[in-house]
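Read from first to last, the chains carry the letters A, B, C, D and E; within each, the first residue is number 1.
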């Protein structure tokens, strides 16, 4: 399969350069399954995110996207291969990273503002400053009226927004996000995407963003990784050359955008169908 | 605001008839907030789902969609007003209902197959039959290879699919679903939607389906409820007259579909923007 | 400075002189600051004494013998009683037991294995012509548990002290088989005086504290004289109410029956130590093959000097 | 058709909502009264039966006392004092020992539980020794303490400590191990140091474990202190019991136990207050929330 | 540019994966050896210090015994039997009482905990009485049991029961209350009866609470049985201790305690096995998983 369009350039996954922000080099990770066998979650996985680059990862469910992020944070260790962040091998859970978990990881015993202020407080910011910052970020994600609420008193989408504020407030140089916007309505999602792009361009962070929404991926990314159905590996990588700054509300109607999305979509669909024929039997 | 299109008929929320599958009549629900005040989650809420009807609920995040479903199951009690299911007031948590929770509610100590077989086993189905059925449903959601896995060994999307199988296997007459497909990739989601429609038309169930994806709502529903930003109440109700059976892969390209979606979208956007101007401050 | 004395059960009548001295104010009269500490487990008391945490113990004399066999020297300086104050009771359900000779096949209650009641019971049985193994010993403690054991027929006979004796006699659930509350009856049962309750201290302590030892002896001897010169009723009146809260009559009755066991002057009866050694060495494993110097287990030096 | 957007009936509604909420509050009050009533009823029935059984000699009051006898005893202790001095002094002494033992044992248990819970190697190496220590009979330990620490307060406190420590340790340890791994990971990524993880994630999530153990272990501390006094003491409730037992004063034994129970209840009340304060973030069970 | 789809290097990879996994296993084995080594080292150092202190009379072996003395005592009990009969019989008797008491107390605690945990009214009414009962000194209870149940096995079992019950109850109760409300709701909606909710949701989620209490409470059961024997018995380790104490035989006292510790460890091992079996569904902490 060879293609080359003006905007989406398909790249070959090559061995990562030493100075990349994130470099996953030929990693295989296997889990022990309940019946005692080994199950390969991702295999021969190579991925590079340059400094300041925005990478999106798409792929069928269960293909290893979250596993990949966990490898970068150091929450999981590769069985073979190695993972480097900012040039250093990942040995422990890193503090330089921001990670929005796929599932909820707010502290249930802290109110929204205490949750959001947690990062600065952990990092030694004075209390007042931390809370001022937290209040600012809570405003940005639209939870000002819910500052004092505990997580269990929020709706699913509100919890997700609180988690976003909690991560963004640390202004991480490396930002990993696992389906962060899937619980949000379209409008809020667009606002959050703008917020994210603003943060990213301001900080020149490197971002890995996992999503099921291909349009979202294309709209946000410099580079889109398409993974194969599990055991996941990189199927193809696309460079998205849409001009920046991008405005989320409008970019979807850009003809270039639509063209790119179509190309990647056909590539992805193939993979998903493969995954389905392997896993899904048709129901009725 | 008055409009009437061929396919999307806007209805006025009237007092529910006695024989409705679900009848929420003028309900207000208030929570105690952390600072001891009362917060109204939904107010003056009226909603009717006829037997065999497929209703979708859309609305900005935090507007009270999950709360509404919880009222129907009996997990929450209205402060004022009343809720009837199949004509009877809701007094306890009902067994006739299927409920796919927004958050994960699988039993972590049971493997996928034990989780899926739980419903039939609880209801007294013989063991062998229950497991056969469970195996069938696990196949339909594409988890056959993961039967023996425990929930923590699944990816987010897989867990959601397991939860779907767990609910569908009971073939409930009333089916409540809270953003069930948001963690799935497009292809899997389409397959699940087909699965859901098949189940629904086979059983003539009544469905309330919460989603943030308006297209999904239009594609699936007989009736779409648009809620206002919190405190949530019904803003408008649309009847979707697209012909059935609908095929999910194709319906999106139906011009009627696109038209309806546009109409509801403009209605919803207004509301979401209102919610945002109230809650969200623009970030940067 | 302060002198701490452990009493192996302040409410027990056999140790009554300790609290009585306090109540009568005799310690104060001697210019002593004495503090009484209760400890029902005798071993605790001796251990404390040996560890040097307390200066004296009110307990059974036979411990001085036993401890000497383990290389620890303690000395009785005032002897409270010349009879054990123990009684072998026999359950009313078992009239066939008329003397220790009938113990064959019976279960006999003792307070604890290795305690004085254990040795005395076995000694009685041996004097009755039995061999160890003809009977079973059951440690049942004293007080309520002893009574319960009799009631439930878990023991057919058993050795105990006041006020358990009085209580069981009063309800008629048991009768006296062997009485060792008076010197005469003890002599009959054991073949000699059996010094029991006494005040003892570590031998090494005496060296540096002759003065205190003397004062303590003075106080105790005065109490012994008081006991000899007053009726059970009068003595009971001096005791704290809690000690006979169960029933004052019972207390007085028990005291009247057992008053005779107290020495009139705190002096060790001449043949007493010998009897104790005889009883102990018959049964106690730890004494077997050991040479005991009885003269190091007691001294009458201080009671002799007491005014 | 016309969309009838919800009209502003708010004012009219307000009254009905207020009424509904007042009703809910009234229900709560009624329930509270019911609970108190039932508790009292049980107490009265229990005491009544006991008294009757004692009066008709179905149970022997010589052994098992009777409520009236117990009350007389308590009254006489209050008015005339005990043989060891005024009653409040006995209570104070025991309470002091218990409290010290409770605090030391609980803090020790929590600290040890957290350290071992956080460090797998330490846990693997040391937990076996903690298990061993826990199988030592406390009564024997009591004598060892008395030899080592003397007959003063120290030995009673030590005994209370060893009663409390193991229960609290076991729960704190398990509570730490149960702490949600995603939450710990999140804190770590947010920049928490190991110490901060302990204070802001581990301790809050182990809190309900620790509190559960505190509930039961105050009673244990009391037991430890009393047993210590039983083995040898100048003052305290344990000595009161021991004397009463020696004097066949069942009333005294039971009266002392009742006083101990009241002491335990008072402290229990305080712990519950503390618990409600600490875990106020907790969601109410479904159906207990809303107004 | 050409998309280089991952070539089939699987065969070449396989070896390196196998090697990596073998390495991981070797690490595990090494760690296990380290743990055992450290445990032994601690034991040896502890015993060595004890022996030395005893030999040089830094601690008085008359009170605190010494490892060599203890060993001699155990050996003589094994070879010559104890004064009450063969050693194994004493162990058997105590173990039987302990085990009965443990099972009854644990089952009772779990059942009571679940019932009260599931029913708020019952909990509100009765938990206060459970608190009261828990503050009763076990030693006093011991004599009450002997009076009520006699000197046989029953009174020791009862004492072990009351040692175990409260700890298990407290944890089972709290464990039930901590069960995830969403999970309970889900089960209810899936059609579970209250009984089924109890067995399939409440008990599994309270399991780690219950297990934590079982760990600590077997030791307590042992303590209860021994204290019971202490107060009056024909056989058993408690009597052995009491006799040794009465004879100022510190070696005997400590030897018996060591035997008790070994008993506790054996049972602990069994409980841990059971625990690993029951909670095998549990996620490993991050970083301990993967190969």
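The working rule: a residue touches a chain if its C-beta (ideal position, glycine included) is under 8 Å from a C-beta of that chain, and two chains touch if they have at least 3 such contacts.
These numbers come from a predicted model, not from an experiment.
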item	value
Any chain in contact with chain B as well as chain E	A, D
Chain D and chain C - chains in contact with each	E
Most widely separated chain from chain A, with each centre as the mean of CA atoms	C
Residue-number overlap at the chain A/chain B interface, same or different (half cut)	same
For chain D paired with chain E, centre-to-centre distance based on mean C-alpha positions, whole Å	21
Length of the line joining the C-alpha centres of chain A and chain E, rounded to whole Å	45
Rounded Å distance, chain A centre to chain B centre (Cα mean)	27
Per-residue multi-chain contacts in chain D, two or more chains	63, 143, 147, 185, 230, 245, 283, 286
Where chain A touches two or more other chains, by residue	31, 75, 93, 103, 111, 150, 153
Sequence positions of chain C contacting 2 or more other chains	41, 43, 47, 51, 143-144, 148
Chains touching one another, given as label pairs in label order	A-B, A-D, A-E, B-D, B-E, C-D, C-E, D-E
Contact set on chain E toward chain C in their complex	60, 62-63, 83-84, 143, 146-147, 150-152, 231-234, 239, 242-243, 245-249
Touching residues on chain A, where the partner in the complex is chain D	73, 75, 93-95, 97-99, 101, 103, 105-111, 118-119, 122-123, 150, 152-153, 166-167, 170
Chain E contact footprint on chain D (complex, rising order)	34-35, 38-39, 42, 63-64, 120-121, 124-126, 128-129, 131-132, 134-140, 143-144, 147, 166-167, 169-171, 173-174, 178, 181, 184-185, 208-209, 211-213, 215-216, 218-220, 222-223, 226-227, 230, 238, 241, 245, 253, 257, 260-261, 263-265, 268, 283, 285-286
Chain E residues within the chain B interface of the complex	180, 182-183, 185-193, 196, 200-201, 204-205, 207, 279, 281-283
Partner chain B, residues of chain D touching it in the complex	1-6, 9-10, 13, 16-17, 20-21, 286-287, 289-291
